[in-house]
Structure formats: structure tokens, C-alpha cells
Amino acid sequence: MSIGTANLSVDELKEMARTIRRDCLVQTHVAKSGHPGGPLSAADYLTSLYFNYVKVDPKNPKDDSRDYFIISNGHCSALNYALLSRRGFFPPGYLMTFRSTGSGLEGHPNRHKTPGVDISAGSLGHGLPIAHGIALGAKLKGSDQRVFVNLGDGELQEGSCWEAIMAAAHYRSDNILAVVDYNDVQIDGRTHEVMNIRPLDGKFKAFGWKVFEGNGHDMNEVIRLLDHAIDSMGKGQPVVVLFHTVMMKGVPSFENDHIWHGKALADDKLLQTALTELGYNETPKEAVASYGDVNVARGEYHKIMGWPPPQVCDRD
Amino acid sequence: MSIGTANLSVDELKEMARTIRRDCLVQTHVAKSGHPGGPLSAADYLTSLYFNYVKVDPKNPKDDSRDYFIISNGHCSALNYALLSRRGFFPPGYLMTFRSTGSGLEGHPNRHKTPGVDISAGSLGHGLPIAHGIALGAKLKGSDQRVFVNLGDGELQEGSCWEAIMAAAHYRSDNILAVVDYNDVQIDGRTHEVMNIRPLDGKFKAFGWKVFEGNGHDMNEVIRLLDHAIDSMGKGQPVVVLFHTVMMKGVPSFENDHIWHGKALADDKLLQTALTELGYNETPKEAVASYGDVNVARGEYHKIMGWPPPQVCDRD
Amino acid sequence: MVKTGKDRWTYELTRKAYGETLVELGHENPRIVVLDADLAESTLTKFFRDEFPDRFFEIGIAEQDMVGTAAGLALQGFIPFLSSYAIFITGRAWDQCRQDVDYMKTNVKLSAAHGGISVGKDGPTHQSMEDLACMSACTNMKVLVPADYHETIKAVRWSAEYEGPVYFRLGREKVPMVTEEPSPFEMGKGFVHVDGTDGTIIACGLMLSQAIEAREILEEEDGIKPRVVNMPFLKPIDEEMIIKCAKENGPIVTAEEHQVYGGFGSIIARVVVENHPVPMRIVGIPNMYLGSGDPFDLLAIAGLTGRHIANKMKEVL
Amino acid sequence: MVKTGKDRWTYELTRKAYGETLVELGHENPRIVVLDADLAESTLTKFFRDEFPDRFFEIGIAEQDMVGTAAGLALQGFIPFLSSYAIFITGRAWDQCRQDVDYMKTNVKLSAAHGGISVGKDGPTHQSMEDLACMSACTNMKVLVPADYHETIKAVRWSAEYEGPVYFRLGREKVPMVTEEPSPFEMGKGFVHVDGTDGTIIACGLMLSQAIEAREILEEEDGIKPRVVNMPFLKPIDEEMIIKCAKENGPIVTAEEHQVYGGFGSIIARVVVENHPVPMRIVGIPNMYLGSGDPFDLLAIAGLTGRHIANKMKEVL
């Protein structure tokens, strides 16, 4: 395989997003920790973006001509890992090691431990400055690499984001595309109640960005928005798409409640409800089992990373 | 004397601004260091604001019902000190100790060492968050104190400013008025070239502030703008006035050149030119001498501060 | 056999002590106000928020603004307690902590949740191993790490009474209850937790439990009886106690959940070499990132266990 | 009489060495890029800016963004040197230095101008007394303080060659030229600057000149001949050299232009107590803000002089 996109049909994207939602829920369930809420709100548009627009080579994650894909709100690591594994960087079975001691799939992504992760994230407000540095570097190298960066809406309360938003416009960095998970939720409640960031379109415009805005769950609209946004790149202005989303989208019993920002469906009963609502006819146990033997996956992962073979320890 | 404003006429304000410009130039000349550029660009509107709108009692700097006046861009300390001394907090003669070892008039204002200084400033981007805390505190106390805060335009590149701008709007803090020294200059050059902050009105509006904008040197316009701005306080929204200014305004030979941001007219010849251009018919020596015996001023200052009497040392 | 490890102790959250005590203080003193940066659900300032909504300021994810705002509230005569994770208070807002709180000597209490590597699964970006170095370097700051639930209550109450900048560090996990409600507590003071004659172990925070285990291991295995000192304050540091221990008992082993550079052990080492040099071992995080994982796994990997402290004491005696 | 004070030395700016060397490096290596946060006129990155405008990134007054942007450029294979004042790199962007540079191990060089209190008249908000503690606590960071003009050139060249995070601290004022162009320089190594037999003075940065003066005072007044060691690297620290000095010469006095908490002396004290305890004195800023004033006045007030070092050595020998 070489550099490129996965080029899925709309129906394939929808099905992939469903798979990825399940991945996120099962990962956090097994880890009994982690963040399901953001991953489920960003699942549709990031699946579309990552599979159909971002050019990467899963067999050669550091390919010099790749596009960069950065999930700045690193607490959405479960989503990041699901996207990477489904795109072919490592076996999905390894997702079951999420957040366990010694796993490459840490609580927040670590660029030294996961293939396809370009930056280590976790502290909010770091992704955009780094992304902009990468974008400036691409231009300086004369490369047509593009930089895609996902931001949380709560994350946009960090001043460091606005520094980078200002700088990207100043440098007319048109090889950068930001997408915002505009779910109006953060840890302490609704974003507009915790610390209102609206109007986000007005803010980005006043800071010199080209802005698109729409529904982040309607796959046809997502594709239309991303097509337009990507067409707008290369025109002397950074571009952002504000995707209106719903936290925990896809599992109606949990939707829109901020407590799921950082709380796993650790309980079997909760996961059962969610799996059913996602349309999976399986028990939590069956779901976990479907990922196969974690030790096999671990072995493959270690091979990919060039790490010494894993010690199989009892605890797993 | 009790709490209140100085209530000067337009002509008195103009003359006061001229005095204050001279104070700033002579202070930095004597110290052979410090920042004349910003002080001269903000001199007109801050003189107007401080003498005619900010309620203070120079004999009781910590009066519980005072308005707060904060110069967030602390490098404009020479201006801060000139305003305070001319408003009656301490004798102007003490300005001649500016930046010398042991002086209360430090390179950047220190709230523990200068009467009338409400915060210690120097690191940019701190003033607005603190000012907002003071404003929230006033409301919580049920006090109608107002908070006035001066910001540099370069300073607005700091993300911490935008955090506070967002928060003040979120809290509908209408007891805070910011004024911006929009001189389009910072250390490394023209602000719009170093890191463009335009359009500043659009940015503040998108962040939920009421915005006024105009010429910061035309005293009639300054008063009109401040009147409007202050009328707009108390209406559920923070207010900002963007004052278009010229660095080193008042001394045409030096105007608009960024090198004077932080460079004193240390040389007698330079100060002579400036004094003449300001309309003072005096030599630098005469100008310095006009401030009187520095040791007398120092004695008075120590008394005001409740410090032990100064040791008169040879160096002065 | 000495009972070591998880089962030996009763555990409780220090942040629970914090959240509960804030509410009590809120009732006692109307000048207490609380700020958080979108972590009220986790730092447990939500207890205060729900009881005193008018005196609670949610700042959102903007730690710089939170610290500055707290300084402003302090200038108005309030006593602000602000909360976030240790790494974000220290990392995102060090300049504000230094200039607006420490240098301006405002009466702000920096309450740092989720200190140390026992944060666990969130991984290195959330594990604060450097905060005590960064904060102890601040001139006017009082810096302390309460050992457990009871000591946290005392620390929070003391902070409210003390006029000036304070930084205290709490943890994410439940930690062993090692002190008692009536245990002594005083600014700048360490306390002999278990007396002994063969060297001294000086610990702060959750490492106090490990120091106690180390003592028991040493006694059982080698009949060695070190003194165990609980020293919650890094600044001011209890020089008198350190010197006394060095003089009376010789070798010292320190234990902290912090990078060895610039932390608790370094501060004590400085006091020791300047006053009464004795051999020391500094148990702390050995200059490495731990990765994400189970908190107790990580502590073991970093060598932050009673066993490890005991071995170090054997080395040095 | 020992010549002390201002007149004894020839002075030069370390930041001039920095600015000039960047230009040379720019010619030698197209991967060198430079960033500044509206202080190019002061940090002297303006030399590079004027020579290589395409490889210079002016970020404006936004230190967090500058550090993050540098990390991004490093990910693209460039070697970014970024500049601001020590207090602002450390204070405003510690989280970025820690997460984007140290933890991510990006090849970023943090060049901190205006370190220490010799910044002088700008006062405490601009005087960095804590940066070395904050930066040394970072796991992967190499931390150094060149003594003078010549050593700065070596430090900058070494930084460009070394692959990984580096923090080096320069000053505002011209400082005494104490090393020679051919003086030795190697990562993690200290060097005997003047040999001796009675104790050791270990210094970094501008304090090396004061250590030399102290030695001369001691020799003249008491016939005491301490060894003087120049130790530019705080991290990695030269444990071998420290232990050797402790064993051969006994007492150690350290000298740094930094708060005594968590700085150079603390790092050395830790090595000493863990390996070969000897009496020490740590000369540094004694936990106080100095105010604004003449740089040499401030150094004298803080006790950062040859005379003070000499007195401390007498105390401890």
C-alpha cells in the first residue's frame, strides 16, 4: 500500500463510524476509565475526514509526504486509536490494552508509542500551535502536505488556541484545516453555561479564518462541508469547519449528558444498553471477545513498533 | 481631600498631558533606561481618563470605594508614575529616582512600593484577568467601584487577554472598562507586521464586548469617547475603547519609530530636541533641576509609605 | 510478615477532604470564594459550587485567567481557593502564580489536584512530577503536600487562616489514612510519626504510608528502627527537625512522589549539607516519564514503595 | 590587593554570541530556523532574521504559541532555536516546554535571554530567579548556563548538534570574559578552571567570575587555595567531577545567579549527600525579590559576589 485515502462510500463511512463508536465504548469499558463522550460526538465527521481526505500510508506512518492528522483534545484518545487501527496502522485487537500499564495506547496519545500519532496530546490548547508549526514547516520544505487538526469546543477557552488562530491567519497558512467538535459540552456542563464561546463563527472570522459550519452527524452534510473546506485551502487563509454535534451521539440513553465526557460505561449493563442502541446484537462479553486474543494483537503491535516481544503476564 | 476626580477643563487636560509627557521623557532620561514610547502614545487619553473619570483619593490610596486604575502594560511605568504624582499621590520630585536601586518607582510598577498602584505589572497579559477578578469582587461586595484597565495593542497578542475578554463577557461584567493603546507598534516593529491583531473592533465584538474607537490624541474626541463608554457601563456588557495613537506622540522627530518603545532619550541632545518639540524652553539640566531636590522628595515619599527615613547616599 | 501493599490501609480521597472542608469554611467565613477551570466535578469544588453558587467562579478551561482572576478577588479582600490539576496550575499558569500571587503577595490558595504519578491511567500529560520544584522556587509561596484525608482538612483550614500565597498538592486516588484527626499540624513543621534510633526517613504526601511500611520491613528483617518523620511542608522547610534528625540518627532517606530534581529531597539535602552533612538517599521519580497505567503499578515501577525505601536505608546505614 | 568588581574584567554580551552564532549556523545548516516573541531586537535573533527572513518566525507576544510552533517545526525536521526572556519562556510556556518539547522529545532549543537578577532595572517581573529549577525538573531537558561570550558560542553550537530538548540561559548585561576560545566544553561536564587543594568552588554562568575572585581573595587573605570548577551543565550534572572534588578537597561552595530552592546548588547537594557527604554552602539568591536597580548593586545585595563566596568558604573549611 502507498500513501492515499481509503475512499469509502457514504454507506461505508456510516458503517465505519458505527464500528468506531463501538470501538470507543468497548475500549473505555475494558479500561474502566477514559473518555467516551467526545469520541462519540466526533466519530462521524472524523471518520469521514480521516478515511476520505487525510493522505497517509498505514504501513509507513512517517511517510514524508503524508498529511498530518492531529487530535488536539487528546482525551479523545479512544477515538484516535479506533481510527488508526481501522485505517490499518495496527490490529483492532490491541485496542483492548487501552490505558493498561505498559500499553502503547496510553490514556492520552503518545507519539512515541502509537503508529500514526503525530503529536502527544492531553493538555488542551497545544494542538493548534504545533499544527501551525508543522504547516509552516511544510511550506518551508516546499511540501504540499496538509495539516488537519481536531479541537474541542471547551478547548477553545484556552488562550493558547487564540494565539495560534491569530498566527495562522497572520502567516496566511492555508495548508491547515481545523475541525471543531462543537458539542456544547465540557466537564462541568454545557459549554455555553460553563464559559460561553459563542459566536464561534464570528470569532474565527474576526481572527481572519474562512469558516464553514454545519451538522457533524449527517454524513452527506459532513462530506459536503469537508469538500468545500478543502477546496478553500490554498487560498491564503486558514480554514475551519465547526461541526455541531451531540455528546455520546449514537447511544440515545446517554446523549448530551456531560457526565459521559470522562466516564466509561464500565458497568456491563450500561455497555449492553449502548451496544443495543448502536444496533449490535451482542453482550458486552461477546463484544470484547470479538476483538480476539489480546496477546496475539500485542505481539503484532510490538513487531510494528520494533519493540521486544511482550511478556505475557497473568493479569490480562 | 476625599474620593473623587480632578475634573479638569479640556485646556487643563491638554496642559496636564504635556506636563506628563515631559515627566516621562525626563524620568527615562535620568534613569538612562525605561520606556518612553508607549507612555507618550497613551498620555492624552490616560490623562483624561485618570484625572476626569477615575475616582480616587490621593491621600488615601486604598480607599474602599475607589475606582481601580490598572496599567496592564507595566512597561508604561513612567506614565503611571507621572499620572500618580501629578494627581497628588507623591511629589513629582521623586520621579527623578525612577528605576534607581532602592527607589519605590521600579522599572515596572510594584503594588507594594508605589501609592496608587493597584497591581504589580510587567509581564504582559496579566492586567485584564486581575482587573476582571477585581470587578467580580466589587459586584460580590455590592460595591459600585469601577475598574479601568489600559492595554497595549501588542499585549493583545497574549492568549491570556482573550481568556479574560471571554470571561468578562460571560459574566456580563459591566463594571470594567478597557482602553487600548492602539499605536500599531511593539518592540520588533509595526504590530500589523509583527503579528497582526486587526480587526480589533471585530474581535472584541465577536467576544461580546461593547466597542468604541477613535483618535486617542484629540482631547475633545477622547472625552466624547470616554463619556459614551462610561455611559455604556452598567448595561450587562464589558466596554472597550480602542484609541488610535502614535508612539512618541508630541515629539515629531521621534514619532512612530518602534525603536523608542524601550529606549530612553538618554543623550542630552536627544532630550533637548524633545523638550523643544514639546514646547519647553529649557535645557535638559534645567528640566531635571526643576524637579527640585531629590532627597527632599525621597524623604516625603518615605513618609507617605511609612518607610524608615532614606539614607542619603553619595551616588545621587 | 510486614503487611505491605494495597490491603494494609484504609483509603480515602484527599480531594474529598478538600471539597468538604471548603463547604464548612464557606459557612464560617463569607470571604471564602472558590474558582475552578472546568474541573469542579473532579477537584470536588462542586460541593462548594452547589452550596454557594454566588461565591463560586467557573472560569472554563483557562488556567491563566483563573489565577489572575483569583488575584483580583484577593485584592478585593476575598480569600480565593482555586483548583485545577497540579500540572495545569503549574504548567499553564506559572507566570500568573509567580507574578500575580507570589510577587504580589495576594492571599490566593492554589489547590493542586491530581499531583504525582498516582494519577495513573491518564498518563504523563496529566501526571505532575515537577510542580513542587516549580512552586518551591517561588519566593513567598508556602508549599505543602498533606499526607492524607485528615491532614488535608488541616492544610485547607490552615490555608484559609494564613494570610498569603499557598500551594498545596492533593492526589487523584484514595490514599492510605495514616494520620489521625488529632495528629499535630503546624506551618513549617515536621512531626515524628514513629520514633526510632537508626537513621531517619522523612516523607511527605502518600509516601508517608510507604515510609511507615519501610520502617516495619527494616525492623522485621534487620532489627533496624529508623525514625519516621512526616514533613508536609516543603516551604518553609523544618530545618530544625532535619538538623536534629541528622545529629541524633545520622543517615536520612527522603521519600516523595516527585521528580528528584528540585523536589522535597533536594530541599532537605541542601539543609543537610549546609548544617550537618550525613549520608542521604533521595527516593523520588528517577527522572523518567512513567506512561499510563494502574497507579500502584506506576508507583512500583518508579520505586516509590516501602520496600524500595527500606533498601535505600540499608544502603546508607 | 585582589582586583575585584567591575573594572577587573573585559565584558561582552552572551546574547551577542548567540545572535552571531545563529547566523553562522544558518549558513552551515539549512535546517536551522529561529523563532522569537517580539524580542528579536533584544535577544539579538534579529541578526538571523535579517540574514534569513524565510527561516525566521516572528510570533509576536505569544510565548505559548511560539513554543508549540517550534515543536511543530521540529517535527518537520527543522532545528528550531526560540528566544524570549527566561522568565517568559519558563513562566508563560512551561506547559508547552514540558509537553511539546520535553515529553515529546522534539529537537527544540529554548534560548532564554535575560536570566537572573542582573537584568537590573526592569525589576522582579523580568528577573528570572526560578527558571533553572523549573527547567531542570523536566525529564529530558538538557539545562545549561554558559559562563560568558566564548562559552555561549560553544553552547549554541553544541545545541545545534545535539538531537533533543535543550534549555540554555543567557543574560542581559555584558559579563566578564573568563573562558578562552579554546577552553574545554562537553555535554554534562564541568571543568577545573583554577586548580587548588582547599575545598572547591563550583560555579555556573556569570558567577564563575566571582568564584575566581573569591579564590584570589582567599589566597591573599588566608593562603587558602580552593579549586574553582566551571560547571555550565545543570543537567546532566557532572556527578563524577562533584564526587572527585568532594573526595579530594572536602568542602564545596556553589555559586549561581538563581534562587537557592531547586537550583544549581540543590542539584549538587543531592549528588554530594548521596555519594560523599561534605559540608557545603550554597550561594544563590536567598529567597527574596531584589527590586529594580543597577545590576551590580542587585548582585551585591543578594550576596552574589566573590567576597561573599570567599566568606562562605572560610565558614565551611
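We just call them A, B, C and D in the order they show up, numbering each chain from 1.
In the analysis below, contacts are C-beta pairs under 8 Å (C-beta built on N, C-alpha and C of every residue); 3 or more make two chains touch, one makes a residue touch a chain.
Owing to the predicted nature of the structure, the values given are computational and were not obtained by experimental measurement.
In terms of the stated touch criterion, the partners common to chain B and chain D are A, C, listed by label. Highest C-beta contact pair count among chain pairs: C-D.
Separating the CA-averaged centres of chain A and chain C is a span of 35 Å. Rounded to whole angstrom units, the spacing between the C-alpha centres of chain A and chain B is 47.
Rounded to whole angstrom, the centroid-to-centroid distance between chain A and chain D, based on C-alpha atoms, equals 41 Å. Contact of a single residue of chain A with at least two other chains is seen at positions 120, 122-123, 125, 157-160, 163, 166-167, 170, 195. Residues of chain D found to touch two or more other chains are 59-60, 62, 64-65, 87-88, 91-92, 95, 99, 103, 124-125. Taken as a contact graph, with one node per protein chain and an edge wherever two chains touch, the assembly is complete, since every chain touches every other chain. Residues 36, 38-42, 46, 58-62, 64-65, 87-88, 91-92, 120-126, 291-294, 297-298, 301 of chain C are the ones touching chain A in the complex.
Residues 33, 54-55, 57, 59-60, 62, 64-65, 67-78, 80, 95-96, 99-100, 103-105 of chain C touch chain B in their complex.
Those residues of chain B that touch chain D in the shared complex are 31, 33-34, 74, 99-103, 106-108, 110, 113, 120-125, 154-155, 157-159, 186-188, 191, 194-195, 259, 262. On the chain A side of its complex with chain B, the touching residues are 157-163, 166-167, 169-170, 195-197, 199, 202-203, 205-208.
Those residues of chain D that touch chain C in the complex are listed here as 87-88, 90-92, 94-95, 98-99, 103, 124-125, 129-130, 133-134, 136-139, 235, 252, 259-263, 265-267, 269-270, 272-274, 277-282, 287-289.
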